[in-house]
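After this come two complexes, each holding chain A, first together with chain B and then together with chain C.
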Partner chain A sequence: MKNILEVKNLNKKYDNFELKDVSFSLPEGMIMGFIGENGAGKTTTIKALLNIIKKDSGEIQLLGRDHLKEEKQIKEEIGVVLDDMFFPEILTARDINRIMKDVYKTWDSNLFNQYLEKFLLPSNKPIKTFSKGMRKKLEIITALAHHPKLLILDEPTSGLDPIARTEVLDLFQDFIQNETCSILLSSHMTTDLEHIADYITFINQGKILLSKTKDEILEQYGIVKCREEEFQKIDPKDYIRYKKNKYQYEILIENQQEFKKKYDIKTIDKMTLDDLMILMIKGEKSC
Partner chain B sequence: MLGFIKKDFALMKNNFMLLVILLVFYIAMGISGEIDISIILPFISVLVMISTFSYDDFNHWNAYASCLPDGRKNCVKAKYVATILLIFLVTTITMVLSILLSSLHTKNIDYTYILYTMVGEIFGTILVLSIMYPIIYKFGIERARIIIFIMVFGIGILGGFLLNFIDVANILNLFSFLKNDWVITLILSSLLLLYISCQISLKIQQKKEF
Partner chain C sequence: MEIIISNSSKIPIYEQIKEQIKGKIVTNELKAGTLLPSIRNLAKDLRCSVITTKNAYEELEKEGYVTMIPSKGIYVAEINKELVKEEQLNKIENFVDKAVTMAKMNGIEEKVIIEMIHILYEEDSENEKYSRS
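Take a look at the complex of A and B:
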């Protein structure tokens, strides 16, 4: 399968933070959830992909092309939502339509107006009168209305109520239906990602901890709950992280089948992305 | 680039009421003969253009513009084109008003005086904006305001000090070779200033991280 997005050894150093050899790839027709706690490097990575910040080193390919050498052409074919609000507040949705018509060659005013109606967004009122959720919706439909091949979205569902979130997630799933369009989506709403993502990439302190298919993670990974004497018998090579609670240990393992074969521990729970994040960040690893 | 120019003009609409009030005020002053209406040109142009930068900065527009096709370059170029268009628009309105108001006071309207005043003010306005824009792109509107204030204050003090030692008439004599060509010279100089300023702003914007 062709990759629509490929990042290799991306590095970017600040005084108090750095992206270290960030590498991951997103195949065509897929949605990748980009997760990590606040300050983990999600937004920095996205900004480097979009050349909003300059990378120190590394290779970034978007739509099979170098993201700097063919920047203009690439940006014609990608849609973007950034974490901060970015439309000047005194503009209206109608203004956005007028502006974008002359920014994107493939801007589709009809589609934009259909989305406005669908999401009940007024076209003639200043954006400053919109709620946070309405603003996010406007940003999302603006990202979609020029028929992009790749969406790069930083926290697109934050501020949306559950109904609006469902509508937006449906929109994302419709977007990838033709199997050539893809989405990179950073989000704290891991339950959303469990519904729509095909791949999960997890970043922590500027390093990629894992990048795998969601099914692989949710079906193979698991959480073993056991007492201390059972925990002591487990080879540290067989788990990723552990957390000691008041009455038991929670152990994150990578392969449930292998683990069951090796140890006589019956309680292996299915894991959520939240569990994964918490154990990977807060859990300990024996030397 | 057209989309970005449209954006800047859409941002100006919020100043529309303020401009109408200013215009009415200046016309009233102009009718009474207490003020020359042409001074409205630099005032309006600087005020309106700076307000577009404020909206851009406040709403993180430049970061988003960097994600659009050729957005980094076009948002800068558009700002300069919008400046020229706005100055042209305000100059036209001001000239018409100047002529109309002059006709209230005298039958012999001094068209040459009006033209010279307008050209001088266009040059002055463009000179100020050409210096301000790269500073705004480099430091952002909030910090730029302080820097520009310090600059204006510093130039005022330095200028006042230097005037004690310099004979202005002698300096003006240096340009006497321009004779009657100084109108066209000032207009071309204004355009050159804007071009140089635009190139500097583009360089700053290309390197900037948001």
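Take a look at the complex of A and C:
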């Protein structure tokens, strides 16, 4: 499988924050969820991919090409939604259609109008009259209407109600029906990702903590709950993080099967991405 | 074709998909040669990831239930139904054996166990399918 997105040792230093050797890759036809707490570096990474901020070092390939050398051609073929709205408030959806026709060679006015209808967005009202959810939907369909191969989305579902989120997620899954189209999306709504994402990349304090298929994470990782006395018997090599609560220990393990073979502890819970994030960030390291 | 996915089940989603398709093939609800939904289509309709449905189909192919023909589609394969049923029956016998041994060890009467099985059969057939794990 070819990679549609490849990041190798990306570095960017600010006074009080840095991206450090960020590396991950996304195979063609897949959806990657990019997770991490606020300020972990998700938006910075996305902006570096798009060359909105200049990287200090590292290699970035989008659609198999260097993101700086062929920036212009690449941008014709990707769709982007960033967290901050970028359309002037006085424009209408119809104005956007007219403007985008000149921006993208492959802009599809018909498709854009179909999406407007589908999401019940008025074409003749200025954007300032739109609700937050309507604005987000408008941004997403604008990113989709020139038939991109890669979608890069920063928090696309934040501010949307459950119904609208489902509609948007359906739209994303429609988009990847074509086997060459892929999506990188950052999100706090980890339940969204639990459904549709193929890969999960987890960033914390500017470093990638893990980047794996979602099924691997949700099926193999687990949370062991036990008493102190049992915890003392566990080899620190066999867990990733632990957290001491008032009544019990919570231990994040990488492989449930292996753990069950070795220890006689009954309570191993299935884990959600939220649990993973919380334990990885708040839990204590083993060594 | 109906597939019911439970997100709260301990059984991985790919396995739920696999077992249900397998069940439909064994009971002849899906006949040999039937075209199944594509990996991406199924993922969309079940609202799960592509890798999940891909895993399910790959396992089904390994076990001989479906044939994947690149750029054409996924078809139900010709299987020996009697043989499959025999295998399943063997598995069931093993489980029942364990249950009976345990019952005897604890002095539980035969009719209690039979009653138990009776109740389980009455319950939602989906639950029954997964009670083995």
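The working rule: the second predicted complex is superposed on the first by the 287 of 287 C-alpha atoms of A that agree within 3 Å, B and C clash if a C-alpha of one lies under 4 Å from a C-alpha of the other, contacts with A are read in each partner's own complex, and residues count from 1 in each chain.
FYI, a contact is a pair of C-beta atoms (placed from the backbone, for glycine too) under 8 Å apart; a residue touches a chain by one contact, two chains touch by 3 or more.
On a predicted model such as this, the values are computed, not experimentally measured, just so you know.
Student: Once both complexes are superposed via chain A, do chain B and chain C end up clashing or fitting?
Tutor: Superposition result for chain B and chain C: fit.
Student: Given the touch rule stated above, what does A:98 touch, chain B (first), chain C (second), both, or neither?
Tutor: After superposition on chain A, A:98 lies in contact with chain B alone.
Student: For A:214, select first, second, both or neither according to whether it touches chain B, chain C, the two together, or no partner.
Tutor: second
Student: In the overlay, answer first, second, both or neither for which of chain B and chain C A:174 touches.
Tutor: second
Student: Mind working out whether A:226 is in touch with chain B, chain C, both or neither, as first, second, both or neither?
Tutor: In the superposed model, A:226 contacts neither chain B nor chain C.
Student: Rounding in steps of 10 degrees, give the angle chain B-chain A-chain C taken between C-alpha centres.
Tutor: 150
Student: If we overlay the two complexes on their shared chain A, which of chain B and chain C does A:140 touch? Say first, second, both or neither.
Tutor: The answer is neither, since A:140 touches no partner chain.
Student: Which chain makes contact with more of the residues of chain A, chain B or else chain C?
Tutor: B
Student: Closest pair of CA atoms, one in chain B and one in chain C, after superposing: how far apart in Å?
Tutor: In this superposition, no C-alpha atom of chain B lies closer than 28 Å to one of chain C.
Student: Which chain A residues come up in both lists, the one for chain B and the one for chain C?
Tutor: none
Student: Report the residues of chain B in contact with chain A in the complex, numbered from low to high.
Tutor: 1-4, 6-7, 10-11, 13-14, 55-56, 58-61, 63-64, 66-71, 207, 209-210
Student: Which bits of chain A are touching chain C when the two form their complex?
Tutor: So the residues of chain A touching chain C come out as 29-31, 169-170, 173-174, 176-177, 179, 194-199, 213-215, 218-219, 270.
Student: Considering the complex alone, what residue numbers of chain C touch chain A?
Tutor: Listed in rising order, the residues are 7, 10, 12-14, 40-41, 43-44, 47-52, 55.
Student: Along chain A, where are the residues that touch chain B in the complex?
Tutor: Per the stated touch rule, the residues are 47, 50-54, 72-73, 75-76, 78, 80, 82, 84-91, 95, 98-105.
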